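Common to both upcoming complexes is chain A, partnered first by chain B, then by chain C.
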Partner chain A sequence: MTGFIIFLLATRRYMAIVGLGVLAVFFAAALAAPLIYSWSAATLVNLSQALAPPSLTLPLGADEMGRDMIARLVWGARVSLIVAGTSVSVALVAGLLIGGLCGYYDNRITFVTMRAMDAVISFPRILVAIMLITILGPGMASLTLAIAISSVPVFARLFRGPVLSLKTRDFVLASRSLGAGDMRLLFRHVMPNISALIIVQGSISLAEAVLIASGLSFLGLGPQPPVPEWGAMIAQSRSHLMSSPHVVLVPGIALFLLVLALNLVGDGLRDFTDPKAGRAIARPA
Partner chain B sequence: MIDYAIYRIAVLVPTLFAVSLAVFLVLHLVPGDPARNAAGPDAEEEDIALIREHYGLDQPLWTQYGTYLVRVAQGDLGESFRSRRPVLDEVLRRLPATVELAGYAMIFAVILGVGMGVVASMRPNSWLDQIIGALSAFGISVPVFFLGLLLMMVFAARLQWLPPSGRGTWSHLVLPVVTLGLPYVATFARVARSTMLEVLSEDYIRTARAKGLVQRAVIWRHALINAAIPLVTLLGVYFGRLLGGAVIVETIFAWPGLGRYMVDGIIQRDLQVVQGCILFFATAIVVVNLMVDLLYSVLDPRIARG
Partner chain C sequence: MTAPLLEVEDLDVHFPVFRGPLRRRAGTVRAVDGVSLRVMPGETLALVGESGCGKSTLGRAVLRLQEPSGGQVRFEGQDLLHLGKRDLKAARRRMRMVFQDPHASLNPRLRAAEIIGEAFTIHGCTRAERDAGVAELLTLVGLGPDFAQRFPHEFSGGQRQRLGIARALALHPSFVVCDEPVSALDVSVQAQIVNLLMELQERLGLSYLFISHDLHLVEFIADRVAVMYLGRIVETAPAAALFAGPLHPYTRALLAASPSIDPDRRAADAVIEGELPSPLNPPSGCAFHPRCPHATDQCRAEMPPLAALATGHDVRCWHAADWMAAAPARAEALG
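Up next is the complex of A and B:
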């Protein structure tokens, strides 16, 4: 982490540093949400202050149900980061297993598996996720699962290539000749060599997961009201866009900033880990 | 070349077969009784039984798939549980709207995106390059539905230059096309810039410069043609994503297309509608990918031979 920041400073990638800062704020908000605002502050209807504009007591105003926008924003950060974080972690593990095994073993089963992955990849992820949510029913858990499943093929294909080329490298052959088994070779010798790729792809996938999750929630396929999901908040408040723009602008800008920050950090990580990027170091600290 | 085309078209048949099976099976995993869902909460048991029989829902799964395939082959996608109208008619009625939206968005994204990418690549790290870079970071990160609402607020409500929703004149097209296309402008700009930078460092570009060609000819005639191949591959991938994005954009702008029809179908749990739409989208994506692959082999004949 320190190495990464020094790299960003040294190569004047200030936007990525700003991204890291923004991310830190969102993570802190998501972690501290239950400490700052109770769940009921974010969800209980209080029509006496409906659509209240930003003021001293309500710094970001209130939504059409009179709920404090800051409380909903902070809890929304928690919802978005939990959905995106869980789905990307699940998909990374599954993608690594499938991609790793399919790269390491070359037989009929892995061939068919990879063709199936290719077939799923050719469809837009949002359609795959919509199909899965149709089966699972809308909600936070099925949203997370749908996003996870729809990203598995992307990871599997991405990780298969490097595994395929790494398994014939001398250091792997050397430990095989020392008697290491397949599983030990795959997980102790091959996988650590794609850790940079995993980190870079993970951060970019987080941005994509946040976008898809909010888009599906906007369509009403994510967490149901009163759960404060940013995309769902925008969908529910959009009819008040003209009279009280803050109800749409607050969650919209938050969403944009979070995705932008994830993308900027992802770009920074790619330059940091890619040897072609000049003074980059091969492995992140 | 022709052999390759025939091979690719022949492969299309099993692919579409697999797609239909996947769509059919997946949507039959939906929990709950489709007949009961269709009948509504207050329906009598006899009515539910009648519906079950009418739609063949009492048959074994493989029989249902068989009849489904035969019906699809005859152009019958079933009828909506809600409106009782044939799904294919509804799909075909909405298709032109979606094709129009996605088509113009793609043209907008390719022209503006590739143009920006090429301009950025001509002077890397100049102020122009940095502005284009910042714009594409914005385009990649902004959620389409938020962008759509912002544009609607500014150009339809405040300035009243453009209609906020609906379809009809060209002015109805502007906001949805820009909303749907902008993220892809950003993506195309990024890819065009990086492939152009790669191509511009090739020997034949130096040769072209050495024989005295002006910058314009070097960039647009020599470099861009060679940078076009990765861009064409992207076209296929992004066409599918564009259709996915159309689902959201159509909802924002009340655009009477397929995407909105599908979302309504999901919310009303109208399985026939969802199945029909997904099958239609899937077929469109498979066919477009085929066309892109064929175009690709025209641009680079080595692919067909390989």
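Up next is the complex of A and C:
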């Protein structure tokens, strides 16, 4: 982590540092949400302050039900990060297993598996997720699962390529010549050599997952009211966009910042892990 | 007479080739075709030939790193090609490989101790045994235990190859395939590595199958030499005999092509022309006839057998007897 920050500073990748900072703020907010604002502050209806504009007591105003926007924003960060984090982790593990095994073993079963992955990829991801939620029923758990399942084929395809090329390398052959079994070769020699790809793809997929999660929530397929999910918040308040723009702008801008930050950090990580990037050399300004 | 450590009989490694949109089988590459050879305990058998002749494939097939398509390999008395998973793993304690490229053959993510210690872990040694073994091996190859915690990129080319040798020697194997172990190294480092290999052979009683295209090196290190051409052995002889009186026209051309500072060893034959033919579509008869200055109709029509001309000197050439008879005369002419 420190190495990463030093690299970003040394190579003047300030945008990635800004992204890292924004990300840190969101993470802190998500972690501390229960300490600063109670769950009831984010969910209890108080119509006396409905659509209140930002003020000293309500820094970001209140929504159409009179709920404190900043409390909902902070709790919403928690929801977004949990959904995105869990779904990407699950998808990474599944994608690594499928991609790794299908790259390592080249036979009829893995061929059929990869063609099945291709079939899933041929549908837009959001459509796959909608189909899955239709089956599972809306909610935070099924939203997470739907995003995870819809990203598995992407990961599987992405990781299969390098495994395919790494397994023919001499150091894998050398380990086999010592008597190593397939699992040892795959998990000790092949997989660690794609860790950079895993980290980079993971961080960029996180941004995508946040976006899809709020997109689905906007459509009402995510966590149900009164859970404060950013996409759902935009959907519920959108009729007040003209009279009280803050109710839509607050979750919208938060979403924008989080996705942007994740992408910036992802780009920074990609440069950091690319051995050809020339670590210590600053880019010409 | 002692039993050979490794006995290879009629070994084939054939690769099917698929072409076209329907991936129809277009033919077979006979990378190794009916090769027989034996390695005695403590002996170095050198395998020479130009690139693409199948020598590396043969080296891998002998260790079953590449599944052969036919033939027999007997190692320490057991039939290697019919061993089950468990027995093969046990056999891998006794036979190893040193790779050509010391950069590609070391996992960049592992420390030296992990690379060398892997054999110990795989074969169920305790941690203490492994650590002791790693330290001993590092000293054996002249690196010393201080290097244990370093990553491969922190070593020079020669040091990396020492690491590769240490890995190959873990758990005391009896047989090591050296697949061009020095050809990726600087000339100054080559000599150190070759001396190390010879010293280790003497100390540990190792047998080598030494794959190389460097004839000077082979002359220096080998007890016997096998010359390969297009997947087949064309001549095999004790090193001294081969270098003093090569009989196959290909061997002679190879020796002639290799620059020498010895004025007594001048190019007697025309240097061979043309390319190695495609192993997918080998020439009829003797595979060498399109490039051979002495080819006759018999050479074009029929594949010569590998025939013994002197003790331990086998040649695959229809005219080998003539070369044998002409050899002293030629030596006189040169002398």
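Everything below uses one rule, namely that the second predicted complex is superposed on the first by the 277 of 285 C-alpha atoms of A that agree within 3 Å, B and C clash if a C-alpha of one lies under 4 Å from a C-alpha of the other, contacts with A are read in each partner's own complex, and residues count from 1 in each chain.
In this section, contacts are C-beta pairs under 8 Å (C-beta built on N, C-alpha and C of every residue); 3 or more make two chains touch, one makes a residue touch a chain.
Just so we're clear, the structure is a prediction, and the values are computed from it rather than from any experiment.
Asks: Looking at A:Pro34, would you say it contacts chain B, chain C, both, or neither? Reply first, second, both or neither.
Replies: It touches nothing on chain B or chain C.
Asks: I want to verify the contact counts: of chain B and chain C, which reaches more residues of chain A?
Replies: Comparing touch counts on chain A for chain B and chain C gives B.
Asks: Looking at A:Ile135, would you say it contacts chain B, chain C, both, or neither? Reply first, second, both or neither.
Replies: Once the two structures are laid over each other on A, A:Ile135 reaches chain B alone.
Asks: Contacts for A:Arg169 in the overlay, against chain B (first) and chain C (second): which applies, first, second, both or neither?
Replies: In the superposed model, A:Arg169 contacts chain C only, not chain B.
Asks: Just checking: does A:Gly161 make contact with chain B only, chain C only, both, or neither of them? Give me first, second, both or neither.
Replies: A:Gly161: touches no partner chain.
Asks: For A:His189, decide between first (touching chain B), second (touching chain C), both and neither.
Replies: second
Asks: Check the residue A:Ser177 against both partner chains and state whether it touches chain B (first), chain C (second), both, or neither.
Replies: It touches chain C, and chain B stays clear.
Asks: Write out the stretch or stretches of chain B touching chain A in their complex.
Replies: Interface residues on the chain B side: 15, 18, 23, 26-27, 29-31, 137-138, 140-146, 149-150, 152-153, 157, 237, 240-245, 247-248, 251, 262-263, 266-267, 271, 274, 278, 281-282, 285-286, 289.
Asks: Could you pull out which chain A residues touch chain B in their complex?
Replies: 15, 119, 122-127, 130-135, 137, 207, 211, 214-215, 218-221, 231, 234-235, 238, 241-242, 245, 248, 252, 255-256, 259-260, 263-264
Asks: Note which residues of chain A are touching chain C in the complex, please.
Replies: The touching residues are 169-171, 173-181, 184, 189, 192-193, 195.
Asks: Going by the contact rule set out above, which residues of chain C touch chain A in the complex?
Replies: Those residues of chain C that touch chain A are 60, 63, 65, 88-90, 92-93, 96-97, 99-101, 104-109, 118-119, 122-123, 164, 167, 170.
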